[in-house]
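Each of the next two complexes has chain A plus one other chain: chain B in the first, chain C in the second.
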Partner chain A sequence: MDKIELKNLLFLARINAKEEEYPEIIEKLENTFELIDEMQELDLSDLKPLNNPLELSNVSREDKGNNRNNKKKFLDNSSESDEDYFNVPKIIE
Partner chain B sequence: MAQNDTLIKGWQPVIGLEVHVQLMTNTKLFSPAKNQFGEDANTLVDLIDLGLPGVLPVLNEGAMKQGIKFGLATNAKIAETMIFDRKNYFYPDLPKGYQITQLHYPIVRDGVVEVNGKKIRIHQAHLEEDAGKSIHDKYDDKSVIDLNRSGVPLLEIVSEPDIRSASEAVEYLKKIHQIITYLDISDGNMSQGSMRCDANVSIMKPEDKEFGTRAEIKNINSFKFVEKAINFEIRRQIKILEANGAVEQETRLYDSIKDETRSMRTKEFANDYRYFPCPDLVPTNISEEFIESVRKDMDELPEEKQERFMSTYNLNEYDAGVICADKQIANFFEEVVKDADIQLAAKWIIGDLNALLNKHDICLDESKIDAANFSELIQKITDNTISGKIAKEVLEEIWITGTKVTEVIDSKGMQQISDEGELENIIETILNENNNQVIAYKSGKDKLFGFFVGQVMKATQGKANPGLVNELLKKRLS
Partner chain C sequence: MNFKEQRENYRLKKISAKEAVQESLVKIKNDKLNIFINHFEKQALANAEHIDNNFNDFKDKPLSGIPIAHKDIFCTEGLPTTCGSKMLENFIAPYDSTVVKNCLDAGSIMVAKTNMDEFAMGSSNETSYFGAVANPWNHDLVPGGSSGGAAACVSANITTISTGTDTGGSIRQPAALCGITGLKPTYGLVSRWGMIAFCSSMDQAGPFAKDAFGCAALLDAMASFDEKDSTSTKREDINFEKSLSKDFGTLKIGVIKNIQKLGISEDVINAYENSKTVLSGLGHKLVEVDFSELSSGICSYYVIAPAECSSNLSRFDGVKYGYRSKGEKDIANLYMNTRSDGFGAEVKKRILIGTHVLSAGFYDAYYLQAQKVRRMIKVKFENFFKDVDLIFMPTTLDQAFEKNRKSDDPNRMYKEDLLTIPANLAGLPAISFPNGFKNNLPIAGQLIGKYFGEDLLLNTTNKIQGVTDWHKMTP
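And now, the complex of A and B:
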């Protein structure tokens, strides 16, 4: 992994790392990649992909409402809001 | 070969559509907040929609049922096991930082719909949650977010690239619209955003084995714009390729005001969504029994309704087909004919009402016409209060204002003149004023009869009862 790939990854994950931290992050990530490479060597052609380690089927709920809205509290909990909306930096298309 | 009909300047357009349909559930896909359009901002928001730490999504069975209904209606495979994935990206209207969607194991796969006798395959339909809404015009220096829509269930219906022209894309979209409205899983209202469409467009030479590079057009919100946007994009790509250029794979936005598509790309590198199975939701098994229970609960489909209308209302196949093409219109028809003449109502719905809807490119729900008022209009024609010609004027008026038919007729004095004495007087005046024509008529110029009828109509601003005028004129001139 080079610096450019790392920068891209940090941007996508919105992680704000300093340039001097890069070598350490790259080293840790490369250790992880090595571990993945090791696993790739196993022959798993007979196995069904495992999407979740829990052998459970998901629960669902009936399509019924339960109003837990608390507009004022929710808005107050954000870093910036007015009486109706969450306020965010201008999004330019 | 039929395919050659779709060539443009020797190029074959290849089109696939992604249709996002907002499902009409009571609550959101993973939270118990209400799913409703048009409420005050941020009043339909749950802790789960806010993505607060520690909350867990719980799947709405209603949304699952609606997805299955769509699959059954399109002869698709329903997943034995479906899996929800996280699509990761940061945007202010997505508080969690990821959208829960389905990538590899969608609820529905391999469907098919028939459009003008041609089969168009559906690659998959998957469940996902909608994002909130960003509003940019409240302040100059910041944007604001309304999360009422955040978490609303969507069914994204992805076609195979089987579509070959812009008009075929519109027909396909209308078919999807018909299916979802018939199944009552969505209102399909494009102007309110409950049905949205992205189009993947590329062009190739007919002899080419591989498709060309495609552009994805986002944000198309009416049937008319689908056709225009695709046609614009086809022309743009032809221009590029004929100048030996290369089409870029990119996302483009359709601007309906300028009637053009333009690049939306703002970043140097492609977005990488880093999909992975959502650890909050384990795989969901869907049993045969569950699917069967959904099947039993399904509403009448268009073909079934058409059959019923033919037998119950004695409509011919064509009329029943036109009325049943749109469920709203079919329901409207059933309301109208509770009190009004069936054949006359059918004629007016298929003719004048459909013409208005097409002209303004809206669906019945978006118009000001309601069944009771329209029924009144038909009844006023049947009981001779107004003539067919005046009825057209009344329809134009209620189309614009939504006023009650009786009020329009009263306030504008549109009642048909069926008073024999009054009409006889008018006829007398006209015959006196047109003595030469009377002489000509009596000497054998039969065609002048129409002239006299026209004059009576003109003198009464079209309000004379046409049948009666004919009868009285014949008597007077014989």
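And now, the complex of A and C:
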């Protein structure tokens, strides 16, 4: 992984890092990929990928309203909100 | 005192719920091991009084009058839920998780929430924003992770039961390192609603207690079908506590062939061999199974878990809840700086790995290949279970280790989960229980069962604990 690839990866993950930290981050990631890459030796072309251990169908429920009103509780958890909204910095110039 | 004695004392009115809670609170306030992130004296005493005042309504419930500590990953209405992270340091959950609600309905009283690796990512409890937990057996050693606080809490006799979660071994490994019993249920048995997500296709909540009896009673309370969890499974009503006395007859138990080739310490292998003798003595037949592909489970896990983590943790952006970086002029910097300041190093690393394996050009080589390895492990187990009823193996490669020892070598830390990860990949239930001691430190073995075979796992462990004393050792 080079510095340009890491910069792109950091952007995709919405995480900041200073350029002087890049070599250390790259070393840590490559170290993990060394462990992961052991599985590349296995020929598993006959197997289907498995994304859920029980391969269940989803539980569904009726889409109905209820009388719960947690608006205040939810808004109170934001560090910046007013009566009805979550506040964020300006998005569109 | 173990769970069974404590509950019996409550039911016989030898001790009130309030007195039991007060006893736990004194120990919590004197805790020197950093086991707890928060405790709730006022609420706990009020709940205990409610349970005492309505004795007849609660006395036959599975957890009647019992103080309990919940891992700080379960949302608790009106109270802090931090997940061991700066990101959620001031988060007040707007609702109770199903696990917390079920335990409350079953007559338990939450006294505290336990320390854990940040967002459940770690095997030593050292990644917690609130500092590492010490092992009750030796304070210089780690308790394991990620549910390290929950395991240490029961081990140190502060409460007789606690809850944890297990994504790659986070119940069984700390149970092993702290010398207690811990069970990871079948994926789908216990609701994940209100449990902060790490790797949704593997996360599963489960019980800690000194012994199988306590785990059975707590699992009776925790397990339920929940329409709010899309992977919750409807099961016939099984009473795990009652199943402890059921006669399952002679079992065929798979034991690992060539176990000395897996890098397991001599002391752990010796304890394993002794346990095999115990199982034979109970009349069970032991059959060797070849699990030479065990190590590829680690590769698969460290792709799938970070991939799901990168997706699940994208919700932490500083807007609706959690930490927010101050003074940001635009939304892009708000996201970036919030996440960079709010997450710890291990969490950020796993987000980056997950983002990488899901990105264009790497998806097939990493994510799809890891899912194929996952299929291979599941098929392997299915084939084993055509011949055997249970599989028995050690829980960990070695005993508890020193703080900082493995955090300097991440791959060595990741390999800590070699023996626990396969059950998570396949979604199978597994129970860890102490099966030996060396240098005054516990050693553990684990039984892995068929899907929804928790009754047999608990029953077999209970029988082992009927003829051994390892679970009675106390730090």
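The rule is short, and it goes like this: the second predicted complex is superposed on the first by the 71 of 93 C-alpha atoms of A that agree within 3 Å, B and C clash if a C-alpha of one lies under 4 Å from a C-alpha of the other, contacts with A are read in each partner's own complex, and residues count from 1 in each chain.
The rule is simple: a residue touches a chain if its C-beta (ideal position, glycine included) is under 8 Å from a C-beta of that chain, and two chains touch if they have at least 3 such contacts.
On a predicted model such as this, the values are computed, not experimentally measured, just so you know.
In the superposition on chain A, contact of A:Arg14 is made with both chain B and chain C. Within the superposed three-chain model, A:Tyr85 lies in touch with chain B and out of touch with chain C [touch as defined at top].
Within the superposed three-chain model, A:Asn66 lies in touch with chain B and out of touch with chain C [touch as defined at top]. Legend: residue contacts after superposition of the two complexes on their common chain; A:Leu54 is shown touching both chain B and chain C. More residues of chain A lie in touch with C than with the remaining chain of the pair chain B and chain C. When the two complexes are superposed on chain A, the residues of chain A that touch both chain B and chain C are 12, 14, 51-52, 54, 56, 58-61, 74, 80, 86, 88-91.
Chain contact summary for the complex, chain A toward chain C: residues 9-10, 12-17, 25, 28-29, 31-40, 42, 44, 47-54, 56, 58-61, 70, 73-74, 76-80, 86, 88-91. Those residues of chain A whose C-beta lies close enough to touch chain B in the complex are 8, 12, 14, 51-52, 54, 56-69, 71, 74-75, 80, 82, 84-91, 93. Those residues of chain C whose C-beta lies close enough to touch chain A in the complex are 91-92, 94-95, 186-188, 201-202, 227-233, 295-296, 298-300, 302-303, 310, 314, 317-324, 328-331, 333-337, 339-340, 343, 348-349, 351-353, 355-356, 359, 365-366, 368-376, 378-379, 410-411, 414, 425-428, 451.
Residues 25-27, 32-34, 40-47, 50, 58-64, 81, 83, 88, 90-92, 97, 105, 134-136, 138-139, 141-147, 264, 269, 271-272, 274, 277, 279, 281-285 of chain B touch chain A in their complex.
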